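The block underneath contains the structure these notes are about, expressed in structure tokens.
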Amino acid sequence: MARSDGRADDELREITIQRGFQQHPAGSVLVSFGQTTVLCAASVTEGVPRWRQGSGLGWLTAEYAMLPSATHTRSDRESVKGRVGGRTHEISRLVGRALRAAIDLRALGENTIQLDCDVLQADGGTRTAAITGAYVALADAVTWLRHHKRLADPQPLSCSIAAVSVGVVDGRVRLDLPYEEDSRAEVDMNVVATDTGTLVEVQGTGEGATYTRATLDAMLDSALAGCARLTELQTAALAEPYPGELP
Amino acid sequence: MARSDGRADDELREITIQRGFQQHPAGSVLVSFGQTTVLCAASVTEGVPRWRQGSGLGWLTAEYAMLPSATHTRSDRESVKGRVGGRTHEISRLVGRALRAAIDLRALGENTIQLDCDVLQADGGTRTAAITGAYVALADAVTWLRHHKRLADPQPLSCSIAAVSVGVVDGRVRLDLPYEEDSRAEVDMNVVATDTGTLVEVQGTGEGATYTRATLDAMLDSALAGCARLTELQTAALAEPYPGELP
Amino acid sequence: MARSDGRADDELREITIQRGFQQHPAGSVLVSFGQTTVLCAASVTEGVPRWRQGSGLGWLTAEYAMLPSATHTRSDRESVKGRVGGRTHEISRLVGRALRAAIDLRALGENTIQLDCDVLQADGGTRTAAITGAYVALADAVTWLRHHKRLADPQPLSCSIAAVSVGVVDGRVRLDLPYEEDSRAEVDMNVVATDTGTLVEVQGTGEGATYTRATLDAMLDSALAGCARLTELQTAALAEPYPGELP
Amino acid sequence: MARSDGRADDELREITIQRGFQQHPAGSVLVSFGQTTVLCAASVTEGVPRWRQGSGLGWLTAEYAMLPSATHTRSDRESVKGRVGGRTHEISRLVGRALRAAIDLRALGENTIQLDCDVLQADGGTRTAAITGAYVALADAVTWLRHHKRLADPQPLSCSIAAVSVGVVDGRVRLDLPYEEDSRAEVDMNVVATDTGTLVEVQGTGEGATYTRATLDAMLDSALAGCARLTELQTAALAEPYPGELP
Amino acid sequence: MARSDGRADDELREITIQRGFQQHPAGSVLVSFGQTTVLCAASVTEGVPRWRQGSGLGWLTAEYAMLPSATHTRSDRESVKGRVGGRTHEISRLVGRALRAAIDLRALGENTIQLDCDVLQADGGTRTAAITGAYVALADAVTWLRHHKRLADPQPLSCSIAAVSVGVVDGRVRLDLPYEEDSRAEVDMNVVATDTGTLVEVQGTGEGATYTRATLDAMLDSALAGCARLTELQTAALAEPYPGELP
Amino acid sequence: MARSDGRADDELREITIQRGFQQHPAGSVLVSFGQTTVLCAASVTEGVPRWRQGSGLGWLTAEYAMLPSATHTRSDRESVKGRVGGRTHEISRLVGRALRAAIDLRALGENTIQLDCDVLQADGGTRTAAITGAYVALADAVTWLRHHKRLADPQPLSCSIAAVSVGVVDGRVRLDLPYEEDSRAEVDMNVVATDTGTLVEVQGTGEGATYTRATLDAMLDSALAGCARLTELQTAALAEPYPGELP
């Protein structure tokens, strides 16, 4: 049974990575996984939160959010509801944790990097697109810090980070699910991996179904291959000169 | 004394209006006034709020917000703070009021149009860019409703709406202030006008200074000329065929 | 067509200004515009907010609110709803901005003046009554500060401030609208002016209608005449000795 | 040791009860116990809350609040803080409970009476002044309902309600404590009683001290005599014709 | 008319007091009054709130809450509702006030004791069980502080505290009401007393009924006898060696 | 290198499962994994949330929370902070998802089961203890529903559910981590599995480290063996007669 968008089961959607989308943040990346579009900004602040002052360590944190107009049917604005929903919290924590795996906070020095991942258009896989884009924004922010001589050590990034979704749909293991597949997947897994193929985070969930270890293994194979391809695309994007002048 | 970006006192910044930026809303416009960029979406819902049901009248409302990464220094997310700030409330109300002046709610029928104006990058004049872009998104949403035969009357728009800021900077009346001018303006005025030059909203504020009626008149002259130019650009943008397929 | 309360189109309602209504604040004024009654208090605190410390500048801020029992139909209490509504925010900001135009914050020294405008009874024009009354409370608070030798400069007030509403009702420009007129006005404008007739704030809104520059001019004429009369009444009220002992 | 205001230990402060202070609510009373001033409004709504519909019973509820400018030092606005404090909650519940003791909710029919007690000036005993004033506002609201033939039974009030504070100060049992005494009282008691001298609520608290049953008895003697005097003043106030026209 | 659980009118339910229920807090007591079960923890923090620093005085505060599953019908979680209800606030304040009557805050030194009373199962009288259990937890926390030599004076407890409910049910004065009686009581009173029989707090409320002073006296007699019995049980529980090792 | 509590690397802590801890909920289980203690209640409500009415499907949802006194250092109460934290949200969602995997919502009929997992004492692994205990409470609630003939089909449970944590500590894969190990684990994984050894949820996180697929496999081996042992303990607990009378 073919995928509705004609892709092979182990094929990513079209990926685009546009650096320098915004002027003000030290890193700003517009990333697309097919129709899913996320604006990832990395803002640098001098100093760290109070509980961390004087430790010599930096800090990195992330917030994920969705524009009301990003979804098929408009969703209510969390600022108006006056509270951040459970799903938003969960993904914000995931993004922060994933990117902290790439950075040596001692080398960062007492600086804070705030990652903001705002989904402009949602078509499945927003959290994995967010992580993949946020890594590129983070890399640009680190370059900016190095350029301004504000790092404790010039190489705080120990690896690169990419993420992709994989799932079981129509009884088949498929990579990088769009909303149409995601909403009817029996199993849904998000994998965050480094450029050397080690794992940062694995979250696999049966959706009204359970799954065997053999299925888990097949999903991991597909996801790790997908992450390797995303790593190449990140590397290529970062090899280009910074568009426009540095912020 | 010349403006830092070289413009004449009565000259607009470079204006771009990109329709169809998002797929899901019935209208979606990315508007730029120089470095200020606002994503304006018009989402259509069948039916009206409870207090309006059975009236035969439609409803139009608006929400304005700013991405944390849009500003020179990152600003805190209102969803995380758990409350919408005064400035956000005030602008949301202004945008809704301004656009309701353009639409005959009886002709709209019992449909709700929700305008979302999310500032992706802020460099002064975000509220006037939001109104100007929202009008184009609204026009596209009305076309979509007409195409789906959901209007009570086929022509609910009675006029078009544009808005611009004007102020007194360095002792001179200047149009369309960027942040650098806005932040040190002695007087700041926002004008919302129709395509026939009548007024929808005038808000003029002395910032630590007061101003004479002569200054008020000069500012209105400049703003109305600016709105007329914006109306031409809106008309030109709407004369193009809709990019991609209709949502 | 005559006004329902028999006034001429350019006539104010009966205005009363009662100083010293409360004991504790440095200034406390009960102001009435016809049936609209607002209690305006000016409380003085030593010191300024954290972001302003050490600047040598004082601070003035305002909060506007409405008693639940003030309106024709009881309105819900914002403290119980857990959030301040958009209209409340907007008016609070307006009152603060308007009164800051009258005071030299350097002359005030590092003191904070908090204005509280609580509407005891609402019959249209609550925000303009609030501004007009708040100026008198502010003047008494300044006197109190001078008496206690806490001003950096003995004359921090550079002008007096008054405000009035004006609108188009039944096709005619009318001054100081009560609720019955306000609720059906085609255009509604609030004007804040100084004792020398210069403008502090002009907010003119078409309510489901737009208006011409000629109408704007006629409304301004009427409003400025109204403000001049209010200034006289403020001056007369402040010429009386302070009722009771100073707080 | 004499009281600072010269009163005898068992003497009330000067009490004033002004009916018809606001136009819109069915009952509106400005009550003063010395310098403590509370505006008590009784608003009538047709119908009852959802959980009570169809029961044939009416409902009465109360909210108590304090203007920021009412206290010696300005207090923060609960709407701005976004939450109602513990003390406010506690007093609101007390006022509602106290007044429900006076009314037969079956005789009230499916109407809701909302009592709003807003403290305009605080000098001790605000909750007991609120209850005493709220009874008079409630009586006027019941008259209004009877006049509009909306009662299930014409006499829903089974008794009248008054309240007073009493405490141990300087080792002596004293009635109706002003702030200066209240803030240093060793024991503090609030008593709500009916016109026949039966008890509705007794709340006695040792403040950093404990007290004997003999002290409890002496405080009750004083408070019940005070309530009897307040009942006379309520009766006299209600015997006057309603000031102005009925709302 | 007999009580449904067969008790005499002046008889307590079965009382159990289990110390050392949790490992981490300095005091942790599981107290049961019949089917009502409350977990009372006393946590010690070095230092006092900011407004108290440098005073040489300690601080004691309390929070009361109910598990959603504690009640006959599940109740909503206050954290999810985003606000603490009026009843919760009121009882938290009562518990704190009651226990502060037992402790000399100067002798405590600049330490804070936080009492948490979490109702695991509710069957009437949860606030009085909470106070009675909290005293035992407080006594253990004081022992812990003495053992760690952190007290300013070795004997900060001036008395012991117990509390019980009493009410008029079926026309009879009855002690320690379970839910079945409490929900239909005509009068309901909570009494907090010391081991010498002096009063800390008396709160008596007519529930849709009023009551005479004779009834008040009878209720106090019964409650004070109940408190005396509870004091014996607290003393016996504290006479046992601490179960397990000290936290 | 031995574990501080002397266990083998693949050994569970002492597990206890006490049914019928509370009287009111249809299922109530106190579960302990060593010093971690969680009270798991399953409350049944007739009907389903509004968005699900008429579907013939039941609903199951979960909330997880921690008593302030459960942790080594007291943690603030989320109800008092007015918002549920990210970690709480995330675990609540996990528990609900995990248990929904065990139940056929069509067989449940239009009933709602609310699981409340309240941590009374925390020493690592609270979420996995919560899931393991919640399954037993759910099984009792299903028995209760069957007994009251309210199920659409008598066997809605398709499998049993257990969960355990596993991690890499001191370079070794270890099962069921207490706080002391959890806080310094390099990798931390939670596994939810059924009684047939299929997977419901796998969440593996590198904490400042990344991990290989070989490590992932070793952790899964250990966790699945642990879940099998927990399943046996759940089965044994459920084989006992219900303690006391059914709720």
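Chains here go by letter, A, B, C, D, E and F, matching the order in which they are written, and residues are numbered from 1 within each.
As a working rule, a contact is a pair of C-beta atoms (placed from the backbone, for glycine too) under 8 Å apart; a residue touches a chain by one contact, two chains touch by 3 or more.
Since we're looking at a predicted model, the values are computed, not measured.
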item: Other chains in touch with both chain B and chain D; value: C
item: Graph separation of chain C and chain E (steps between touching chains); value: 2
item: Farthest chain relative to chain A (centres taken as mean CA coordinates); value: D
item: Averaged-CA centre spacing for the pair chain C and chain B, given as whole angstrom; value: 29
item: Geometric centre distance via CA averages, chain B-chain A, whole Å; value: 32
item: Chain B-chain F separation of Cα centroids, rounded to whole Å; value: 51
item: Chain A residues counted as touching two or more neighbouring chains; value: 82-84
item: Successive chains around the closed ring, taking chain D as origin and chain E next; value: D, E, F, A, B, C
item: Residue ranges of chain E in contact with chain F within the complex; value: 22-25, 28, 35, 39, 41, 43, 45, 63, 65, 67-74, 77-84, 88, 114, 116, 118, 120-121
item: Touching residues on chain A, where the partner in the complex is chain F; value: 83-87, 89-90, 92-93, 97, 100-101, 159, 194, 198-206, 208-213, 216, 220, 224
